[in-house]
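You will see chain A twice below: alongside chain B first, and alongside chain C after that.
Presenting the complex of A and B:
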């Protein structure tokens, strides 16, 4: 049997996982409950609010173990199976505990051709873990991401479902990892429109402190 | 330099309209000072406009969807059934933007969010809709926050909500945050996602206009498509129809990435020569390298070899004749050093990762495409693998619930078709002559 042929397979979740979030902290505050009710009111049926509910829960608990998904389902008033189905459909919902900072490094085709894999491998080497793994100190999880919609500033990465870091290079990654270790997440960065550089002399937004311009993308060493 | 005659006309002196050069246009007061919400006011408060005349103006403009399929927008709006006061109707604005190579909607939302809101409101008025959902992919968290802040300001000023500008038209806008799934950009999947279900696409018919979100009449348009609506009202459908290629008119956001000196999002008319876009707009090839190939509009549009683009312009007709499609106008430019097989391997990985798994040809097919292209890339492939791949594509195309299977098959089919010798060169030579036996698990 050829080893190189891997049949697509699906990981089956553990049916009876141990509860990780203790019962006494497994609840929403009254403000959070009000927020969820507001979201529910924006859809014809309560189901529509499940994605927002899961987002809120993930921000609060860090990830979505079954008991948290159940909590969301109960708060919204939908069957647990539905909420579980939604939580497991989307990649941004974390089904297991991740590092404090999750680095989603884009290696999809534009980034691939502009050094996305070079950046991924550099981070892997620096942190001593592979894509999909978490460092021993629980500080970083590295993931290989699909196109994040910022191909013009490739290669790029996203930090824990939040800030985008554009035009990556090794120095930038060194500085980024140091900053994150100290708890400093970089600010939102606006990427200029090349035509604005011509017409407005730079970025059009005066309310952002961090601005980057599109640059000549780097040459990639490897494509996989 | 003497201007070449193209469908895009005198594009070097083109004045941007979707992203006009105005500082801080994303702020409501700046937007208001630059004709912001003027189109909406005119539509709601002057006798000239009623829902039908707005739709007709959009038809007259010739606007075609910017989300990938290029469907005529005015025609799509007219598919909505007659108003029944007991049946709600919905608009969905598609800001899922996950097609690899596409990054224009993100910049449009960042730099001109109110144009998107105003477009949604005008579309809602034209179709007598009272709720519009703006679906934004979850990865754009920072842009969602920005849009929510600006939306709140628009509500406070009475541009959104009850009795807008004192008229009897009321309309809410709800921003829906996705959570990372390419498939949610497909319109019926987007609807499932909004409803709080797993985002499985649905069989069409029934089409969204008949049975959309929660079973009610629904229209789905891309962010950039809807952003054109206020411009059409302000300046007229005829003005719009004269911009760019007559059969596919209007301003368009070209998202250029890859091996060019100046990648980015550029606004120009449709019908731009591809060579002008690469050589002038995007500053030419990086490091003076030669162009090898390009993708005109996102990962699913067929690849074009450098020798296929002479005189080809960015509009549906010209790209069809050249053997590709306009897609999302997210162009990926590749230089002579690119290993096409390795590159294709990454695309097949993308589709395998993103299939929703509902249909067997797509769920299994995307996996096999990735497996076989991977082994070709690793030098373990056989010549006959190329035929197996093409056969697989045939088994996938047009046989599934949604077009993701086609979108996955096309890059494989056309890349093999157009770069066959590079695939053959990577095939293993120490195998049984005529190809070995495919071992299966």
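Presenting the complex of A and C:
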């Protein structure tokens, strides 16, 4: 994104890319197909299931090359172009191969003011790659993200479209990168909201230990 | 009927029109980009904002609240509304830019937003001059830009498909093209990719925008983002004159405009006719115009030698004179107009010959359920209504080969290319040929060859496959006709055919040809057969009263949009 501000040119996608996923593995299992059908039945038209379908495919194949997007579109029964438009709209759908962990470091207003760029540059220096790039060992991809809706605990980052790491500082980043290298993805941490102050004795900090009683899992985990 | 008040003027309306459409129809020129009457309204250009209010209803009585003067109190919606996505309702009160400063300001500011990343390359843009964005910016937009930063660059000169070129920067993401492919043509080949300032329309990887109606997106594009690969950079809009006529590439006869520069057809664009083609035109109708410009004959010939028109007509009369009528074969043409075919059948009966037949040009599998047809000729239906039926090619071929035909009279067709016979078969036959292009394969066998005016040069009537009789208007001039004499007031005004003909008039591109309704009476005169018509208008007037198949099809009735003829007389 930073580069885009200096040189605002939108690249053209490859219009005839080579197939990445071989044909013999380019398919859904019968369970996955049933799952997609369940999602379709939830919406008035099949289009509604496209985001779920793409998400499922991304979790299965790791990213969404055109052939996978086409597979999803065919499975749901919607035009390929529609699915492709949706996939390119959302930055959370990876159109190319990313590292094992994608670090989305927020540099939107609140995080920027609280040192978001310092955190970004620290990670960049530490991993030796720039924003948008993947480390040579294929472990990490660094990305700048726009607001992820956690301004109360700025600066923050998100790990691979999943858990948030709040109130970043350099020590926390060091520990996080070490943990991720060992394969330990941090657990979900709850953030208290102003209306919970009474429950928490007026404590609005997000890293207090007394929040155990008040952990709400993400909505995505409550739906199946 | 319910009433609606727009800018203090009250209109009645019918049904449930969309507010923007209603305003446009009542003469309120609301600016808009993404709205198209045939498609859904996504309301994403935000240009058609208006203030909308409804009478305040008292909840207790269910009646409108009245103010001191007894008028209903109007409750305006708190925010401006997009008129394209709002249905008109009884009692609705609308304030547009004509009466509301707020709306005026909204339209101006919206244009400023739209223009932030627009390249403003109007001087090199093909859309300049007929660009809704340009026009509306001049009318409603800001005086200048306050955007001091680098504009976002997007991919340019991308071949979306064989006929359409995309300039991503000019796009304002109205999604008209995407909706065309998803709602009208159902090819689903386009989508908007990326998001925010980066988005633009694109095909998904591995897909080409190659549907047979792809070029319609060029017309509906409100900016110069989608341009025609064929005609881009060839003429500015103000250098061309456009003539309302009909396409002759297939039997549907889609309504179109022929754009003429220097007396040559440069472009063909659709003309709205809700009875035939609605707003659309197939790519084949647009791209098949070079036949009007290239390989045109230089003048009449007798056995290949250039002659004057009078000599040529005399030679044709001589060919027909003294020959037994049953040994003359007249071939009408489904390419020629109703008038020309009618005159030919009169000529045929005058010399005692059987009714003419025509050569069918069917391409099985070419048509679809929309605007393209298997039949590649524009007037099959018209011929059938005249009693001119498709020739039995095999029988006619054997007749020619066995020497039963002395004279073959061909009106605007190419029997050799159509497979009727070979040039050698015609060695013993006198051939009279009215022809369009010097590439005509029957030409070497022709004894007298008469260059015929094509659909863009003649005046006439064609009947499409659905029985819709429509008028051809002369888009370009031919040699020997001074059309400045038929102009009513001056240049740029329609002449007596209702066509503003080429105002960039160029003597050098005049084709030396004659329409059938001029040449056939001249030939008939040589045989002492009288055909006293002032012009095709009179021929059609006679036909509409004499032939039930054409009843009602006078020039006055056909006008711009044609007449749907009754089913009668159709045997095809």
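Methods note: the second predicted complex is superposed on the first by the 184 of 224 C-alpha atoms of A that agree within 3 Å, B and C clash if a C-alpha of one lies under 4 Å from a C-alpha of the other, contacts with A are read in each partner's own complex, and residues count from 1 in each chain.
The criterion applied here is as follows: contacts are C-beta pairs under 8 Å (C-beta built on N, C-alpha and C of every residue); 3 or more make two chains touch, one makes a residue touch a chain.
Because the structure is predicted, anything quoted here is derived from the model rather than measured.
**Student:** Please work out whether A:110 is in contact with chain B alone, chain C alone, both, or neither, and reply first, second, both or neither.
**Tutor:** Only chain B; A:110 stays clear of chain C.
**Student:** Counting only touches as set out at the top, which of chain B and chain C does A:49 meet: first, second, both, neither?
**Tutor:** After superposition on chain A, A:49 lies in contact with chain B alone.
**Student:** Under the stated touch criterion, which partner chain does A:17 make contact with: chain B (first), chain C (second), both, or neither?
**Tutor:** second
**Student:** After the superposition on A, what does A:89 contact: first (chain B), second (chain C), both or neither?
**Tutor:** In the superposed model, A:89 contacts both chain B and chain C.
**Student:** Per the contact definition in the header, classify A:66: touching chain B only (first), chain C only (second), both, or neither.
**Tutor:** A:66 sits against chain C, while chain B stays out of touch.
**Student:** Is A:79 in contact with chain B, with chain C, with both, or with neither (first, second, both, neither)?
**Tutor:** Touch partner of A:79: chain C, not chain B.
**Student:** Hey, is it chain B or chain C that touches more of chain A?
**Tutor:** B
**Student:** By the touch definition above, which chain A residues appear in both interfaces, chain B in one complex and chain C in the other?
**Tutor:** In the superposed arrangement, which is not itself an observed complex, chain A uses residues 8, 82, 85, 89-91 for both chain B and chain C.
**Student:** Under the touch definition given earlier, write down the residues of chain C that touch chain A in their complex.
**Tutor:** Against chain A, the touching part of chain C is residues 150-155, 158, 168, 178, 181-182, 188-195, 197-200, 202-207.
**Student:** Taking the complex as given, what residues does chain A use to touch chain B?
**Tutor:** So the residues of chain A in touch with chain B come to 1-2, 4-8, 42-52, 54-55, 78, 82, 85-86, 89-93, 107-110, 112-114, 146-154, 158, 161-164, 188, 190-196, 199-200, 204-207, 214, 216-217, 219, 223-224.
**Student:** Considering the complex alone, what residue numbers of chain A touch chain C?
**Tutor:** Residue list for chain A touching chain C: 8-17, 66, 69-70, 79-82, 84-85, 88-91.
**Student:** Using the touch definition up top, name the residues of chain B that touch chain A in the complex.
**Tutor:** Going by the criterion above, the answer is residues 16, 19, 21-27, 88, 97-103, 105-107, 110-111, 137-142, 172, 174, 176-182, 193-199, 214, 216, 255-259, 261-267, 286-287, 299, 330, 332, 334, 337-339, 342-343, 345-347, 350, 352-354, 356, 363-364, 366-367, 371, 374-375, 377-378, 380, 439-441.
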